[in-house]
Amino acid sequence: MISDTTIMLDWLALSLVGFGAGAAAALAGARAPKLARVGAHLGALFGAAAALIFAVAGLAGGRMQISLPELFPIGGVALGVDRLSAFFILVVALAAIPASLYAIGYTREYAGRHSLAGLGVAFNVFIAAMLLVPLARNVLTFLALWELMSLASYFLVITEHEHDETLNAGWLYLVMTHAGFAALLLGFVLLAQAAGSMQFADWSAAGSQLGGAAHDLAFVLLAVGFGLKAGLIPLHIWLPRAHPVAPSHVSALMSGVMIKLGVYGLVRVAFDWLGAAPLWRGEALLLAGAVSGVLGVLYALVDADLKRLLAHSSVENVGIIVINLGAAMLFQSSGLPSLAALALAAGLYHTLNHAAFKSLLFMGAGAVLQATGTRNLEAMGGLIRRMPQTAALFLIGSLAIAGLPPFNGFISEWLTFQGLLSSFQISRHTVNLIFVLGIAALALTSGLAAACFVRAFGIAFLALPRSAAAAQAREPGGILRAAMAWQALACIALGLAPALLLPALEATGFELLGAHADLRFNAMGVAAGGGFGAVAPLAIALALGVFLAILIVALRWLGARRGARSYETWGCGRALQMARFEYTAAAFANPFARVFAALYRSVRNLDIEFHPESRYFVRAIRYRNEGRLIFEDALYRPLLRAIEAGARRARVLQSGNVHSYLIYILATLVALLLLTP
Amino acid sequence: MSAEVVSRLVNLLSFAALGLTVLLIVRIRLEGQVRAFAWQSLILAALSMLIAVYSGSLELFGVGIALFAVKVVLIPRVLDRAVAKIGLSRVAAPYLATAPALLICALLVTVSFYVMAPVAESNPLPTADALPLAFAGVLVGFFIMVNRRRAVTQILGFLMLENGIFQLALLATYGVPFLVEMGVFLDVLVAVLIMEVFIYHIKDNFDSIDVGELGKLKE
Amino acid sequence: MEHPSTEIAIEIAQLGLVGLASPLLVGLIRRMKARFQGRRGPSVLQPYRDLRKLFSKEVVVSENSSWIFRFTPYLLATTMLVSALIVPVLAATGAFSFLGNIIVLMYLFLLGTFFLALAGLDAGSAFGGMGSSREVAIAALAEPTVLIAIFGIALRAGTTSLDGMIVRFGAEPLLMLNAGHLLAFIAFFVVALAENGRLPVDNPATHLELTMIHEAMILEYSGRLLALVEWAAAMKLFLFLTLISNLFFPWGVALSATPVALLTAFLALALKLGIFAAAIALLETAVAKLRLFRVPELLTGSFTVALLAVATSFF
Amino acid sequence: MILASLLLIPLAAAGLLALARGRKTMEMLHALASLGTLAAGAALAAQTSSGAPLAAGDLFRADSLSALMVVIVTFLGALAALYAIGYLRAEPDAARPATVRLFFALFHLFIFTMLVAVTTDNLGVMWVAVEGTTLATVFLVNLRRTRASLEAAYKYLILSSVGIALAFIGTSLLYYAGAKAGELAVQWSALHAAAGSLNPEVARLAFVFILVGYGTKAGLAPMHTWLPDAHSEAPAPISALMSGVLLNVGLYAMLRCKIIVDGAAGPEFTNRLLVGMGLLSLLVAAAFLVRQRNYKRMLAYSSVEHMGIVCLGLGFGGYGALFGALFHLVNHALSKSLLFILSGNILLQYHSAEIADVRGLLRAAPWTGALFLAGIVALIGLPPFAPFMSEFLIFRAGLERYPWAAAAALALLVVVFAGMLASVNRMLYGAPPAAIAPGDRLRMWLAPLAANFALLLVLGVSLPAPFEDALRRVLQILGA
């Protein structure tokens, strides 16, 4: 069958062949842009498709092992698969397929401006590394693939390197990632030392043998390392910079998929490697998720850069996922494994969902970017008429990400709420209160997310165009639309039929936690926790459809007046309707900016230029309201400043004076001689 | 000769050698400094002869002669030539005034005794008592390199340091094997010749041989 | 359990009740408010007349707007009708309660709000945008209160299914004799006011542009579309008040499909809604509209109440 | 025989080149000699692959450790030699025939001294040879005869000579310790055999001198101060050899002595010193790699950093760390020589060593840019290149034995990473200045660099058995 070991190996090999061929085509196309563009991305598409089949086989229980001791020192390359790995490969593949397709069309305009060969190679390496990371079965394999993934994505991020903003973002991204890598390395070595093995398989048994403080330290280090990749606040600052400047198909993969591998690591740490956990860890994760959720969406809400808005929203969604992980840990520590499995399933479901709608939205944003040449919401508007299909697809993504029924985001948020609301079964007051905070944060997050995407979609696509470029926008090519349609279909399918995926998630949870999730599902819907709650998305969708039809028919039948007259918008008596009278993105966000002023720490800057003749005539009003990110101000800038100040001060050492250099040698010699026993 | 006598003589000569190193701190004129170095080398040559006689080592004789040729005759001549060619600025300018510099010398001599005492104690050779003096010569030579601005003095400091090291090896083990010793002399000679060339280059380029002015390469 | 067809019949009856009686509730509130303010006020049937008139008037649509603008009223009304299937209006034996629990209900409301806010932006008028912005802000800020209040109820009822909650509270009324329950009620009620655009959050009667929220958002609507929006708003109010009535005061809700029980339920609901209508009318007479930026304070207050409601349940 | 040809080829070449006339002749002779040396080096490596040392009298003895160094010296020597031919043709400051002759002659003398240093059994001769490397290179550093190069060369000469002199004290002390043990010789093999009976106190003292002395040559902080000046002012092929090879020779000399001292006094003492030195080197390098303005100095400071890492590996001790340290030594040599040679190309194209003046390298010179990028990626420790592996090995062992030092070093590596990446980003990307003529310089002469690139890549993903065996034999000498 499909899950047969050798067949699985074949699929994996086939997938890698695809990426290899893609990279080779890209290199071969150094002088033939079209070959590079189409060949590289077709290779990636093929590789991702094969990986998808591999993932399905893995979720069906397929197993395989690869051990290549001759490759790396100590232990060689070790790959293996379990359901959790297979699930994350599924996530990667599901987003990589449309992203590769999209890239064929999207990179067309890069020809001649950027190296398509480099882009193609990095793209293939990036996806291949993401697919292999969950398969890694020993420390070195994991770390090498992990860094390779970061490096490849870094090259992709800085594709448009003629802008300083891009280079700076790329720098911040790779440096942060590398810092995370250092944390991971430390954590891994701690664990490896305790377990006496670099093989992950030996850890689940030995993790709990690690002494208290070392155990805690290993958890903190690994959580920081993986949390950084996942974009958890306050480790997220690279994310809203790097994701927007990358080419859109890459943004789609980074936001949709790559950060999920951080989630993968967190799941492994929490439920596989470290063994039983004290309560504070679950509490810490839950709170970190809550903070990420709320702050992420708050930053998204006020951002005028469409792609950065999406990036901030990724922080939010990772927050939601991590809330689930924290909840699962707390349930497990409290002896409620089936609820833990429920929360884990919810978190994993949201992982896949976010991959689907976030990559859809980034691809939509990319289409808008190519059509209008801007990422600035204030320069968009009215696109729904110029690019109706893109608009419809973006709307689906927006509804899904806002967690509205019957789309996929709703299902995972619903499952999350079921898990969180079930927390009253824990009888420990501190934990209960943590959960209450989690519920409130998640509720606020989802409300704000809805507001955020009303703004994003409404300002970008509705009303009148706010710039000449927006007025001239054109629908993107068929390939781009097909790629987006794929993801939109995924959003709908995952929303309407959770039973498609839930059995696999259930089995994954069982593999990790040894307990079945408190879930029942059928074609219509899902029920959690016995009679605790149920939802039937398919039925809701049907009901919505049926009532809508009935309503339309009934209105006609009852004789309501039909048709409509087009006329200009009521403008309070003004003669002219112009885009400048429209509500702006900044204005839309204003209530939030005021309510959460303390969090935004915005620097308001009002600059009025009066007519020289009289102050009653105003020539121009410039209003700037920049939100500054708390954590950059409070955490990173001081650190950076301290390092730079230290480096500046150290410059004195290299004074250029040979006498002082001699003094260093003399002093070192004398000091060492005196210290020598 | 008895070990006792040798020990006394060695100590005496070592004191004299160290004294000449310290003299470099006090001496202002470059010619005088070169003389001090030549005298010190002569003392070391005598020292190696003395030990050669005591230990009956023919090799050490050779070393003494080579030392005389290289450090008493050749190198001082090279340096004199350099000093003459530079002409100007014969006055060497130290960073520290003489008094504090001497104080630091005293400190370095103390350090040297502290560091070398265990080696000297564990050593059965009659020459070993003077080991700290030799090492003090190394440290003081080093200090002169640090303290003096003029390239020539810096080179002299280096040579004094080199002398101290030679002396150290001589006292501790009656010198390292002949071949190595010859290699070292060759290196020192070549180094001095190269340094001489550099002094001219510096003089040409910077109109001064104050190496403190070589400060363009910095962060 | 009854025969499924009976249950379906009940559901259809409930649906009809919500659809048909909701304008009456609005009329009732207006009338009572007028009386409290010393006016005669319009007839309680006035909303029906308004709707009929609107349905027959010409629809004028902004030339800047898109299909979203035209689609939204239909969707809005549809979400309310689907919600009516979920909310136990008369009986807690819902044939359609499998559709979803109280969370689904809240998200269905949010779906309507989402589209209405988009429609507000669609015409490109500054007022619509302003209304949208404020509406979603209030909806978002109300969300935590709703969920915490739900948690407060769910942890006592042991379920998030609406029918389940009512059955449980009906069977064990002592569960409700709890400060937490009362606090949850207060929180929920405040949210209901905010979500339905009532005072002190929004004044449903104003047409002064700068203070409007809901009305500003739907400013561009006319004719048939406006009628649908108004109808949907009425249904939302009706559903919210019904929900609060039946959740916190479950007496009278039919637990079986007998005619007597249903009749009792109907009368009980009428009584409860009448009381709520009076309460709202009284409230709207007594208080002034809050400044927009005071609204968060109100919502924070209700959130705190909800939090207290939950906390008291644990200790 | 092999040993003799290995040493005589460069020596003879140096002599012949000093007398040669005609540029073509000199270039020919130079290339042939380099390749001949390389062949002799390879033969020596093959000879010692059985594990038995190759000896020639008392003076010369090549074991696996020597063979490793010989291979590094001859391989990178040949690489730099080939590039040097092209570079000297293009470098306007080195146009005079006398300069060219001086360069070629000293180049081979330099190789010769390094080869003597790594193949001699006599610690005294080793010292003489190491000092000889300084003397051979000092004029090479000053080849361009600018004020800056003069300054750099002078500092290099003074500081290295002083440092080396201190190492001589250490050598004599070892000799003394050995003499007391009854073995009156400076033979490394004899001392090694008698290490157990040496006076530990004297051995420790000796090591302090050795560490400071050879450490100066190896560019360990705070004795490294000459290094950024000399490495940045020397012509590119010489910088490549100084950074890629000469530093390793300094480290090699120290390592030889460490083996003996460890035998006498136990490894704890030397290890702690090396860890401290390594950490300090990393710290200093990190400070100067943040916002570095000159790319050749950046590469030089990065050498200080990597020597620090190797020191850490040697100091951490144990099989894994030592293996990693030797592996890293090779990797650093490969990547740094690659980068310094490319820096020559960049200098020829942009006429400036300032990072601020170099932009859009990838566009202006695609091959140079791509190779430079690969070298930097390797150097900052990212896969799929070999330094990632060696650093992993070092830190894995380090975190077990010296967790705080290793953790601190890791943190410093992140700072280094950040600093270098920022500098290199500026250089590689963006649009090149309008005044820069596009196109790779000396394109054909870059071809040999493919070997560096390929080796870094191959060693990064696999550990070929011959290489692993070679390192393993070296580890036996190190006693791990």
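Just so it is clear, A, B, C and D label the chains in written order, and each chain counts residues from 1 on its own.
Throughout what follows, contacts are C-beta pairs under 8 Å (C-beta built on N, C-alpha and C of every residue); 3 or more make two chains touch, one makes a residue touch a chain.
For clarity, every value in this text was computed on a predicted model and none was experimentally measured.
Engineer: Hey, if subunit A just vanished and nothing shifted, what pieces would we be looking at?
Structural biologist: Subunit A out, touching clusters read B, D | C.
Engineer: Counting C-beta pairs in contact, which chain pair has more, A-B or A-D?
Structural biologist: A-D
Engineer: With centres defined as the mean of C-alpha atoms, identify the chain lying farthest from subunit C.
Structural biologist: Chain B.
Engineer: I'd like to verify one number: the distance from the centre of subunit A to the centre of subunit B, where each centre is the average of its C-alpha atoms, in whole angstrom.
Structural biologist: Centre-to-centre distance between subunit A and subunit B: 69 Å.
Engineer: Where the centres are mean C-alpha positions, what is the separation of subunit A from subunit D, in Å?
Structural biologist: Those two chain centres are 44 Å apart.
Engineer: Per the centroid of Cα atoms for each chain, what is the distance between subunit B and subunit D, given in Å?
Structural biologist: A distance of 31 Å separates the two centres.
Engineer: With centres defined as the mean C-alpha position, give me the subunit B-subunit C separation in Å.
Structural biologist: So the centroids are 99 Å from each other.
Engineer: Residues touching two or more other chains, restricted to subunit A: which are they?
Structural biologist: 651, 653-654, 658, 662, 665, 673, 676
Engineer: Of all residues in subunit B, which are in touch with two or more distinct other chains?
Structural biologist: 115, 142, 145, 154, 211, 214-217, 219
Engineer: Enumerate the residues of subunit C that touch no fewer than two other chains.
Structural biologist: There are none in subunit C.
Engineer: Who touches whom among the chains?
Structural biologist: A-B, A-C, A-D, B-D
Engineer: Which residues of subunit B touch subunit A once you look at their complex with the stated criterion?
Structural biologist: 95, 108, 111, 114-115, 139, 142-143, 145-147, 149, 154, 211-212, 214-219
Engineer: So in the complex, the part of subunit D that touches subunit B is made up of which residues?
Structural biologist: The contact residues of subunit D facing subunit B are 59, 122, 124-125, 127-128, 131-132, 134-135, 138-139, 142, 145, 147-148, 150-155, 157-158, 161-162, 165-166, 168-169, 171-173, 175-176, 179-180, 184-186, 199, 201-202, 205, 228-229, 232-233, 288, 297.
Engineer: Mind pulling up the subunit A residues that touch subunit B in the complex?
Structural biologist: Going through subunit A, the ones touching subunit B are 651, 653-659, 662-663, 665-666, 670, 673-674, 676.
Engineer: Looking at the complex, which residues from subunit A come into contact with subunit D?
Structural biologist: Checking each residue of subunit A against subunit D gives 70-74, 115, 139-140, 143-145, 147-148, 150-151, 158, 161-162, 164, 167, 170-171, 174-175, 178-179, 182, 185-186, 189-190, 192-193, 643-644, 646-647, 650-651, 653-654, 658, 661-662, 664-665, 668-669, 672-673, 676-677.
Engineer: Sort out for me which residues of subunit D touch subunit A in the complex.
Structural biologist: 154-155, 158-159, 162-163, 166, 204-205, 208-209, 211-212, 216, 222-223, 225-226, 228, 269, 273, 284, 286-288, 290-291, 320, 323, 327, 362, 377, 382-384, 388-389, 392-393, 395-396, 399-400, 407, 410-411, 413-415, 417-419, 421-422, 425-426, 429-431, 461-463, 465, 468
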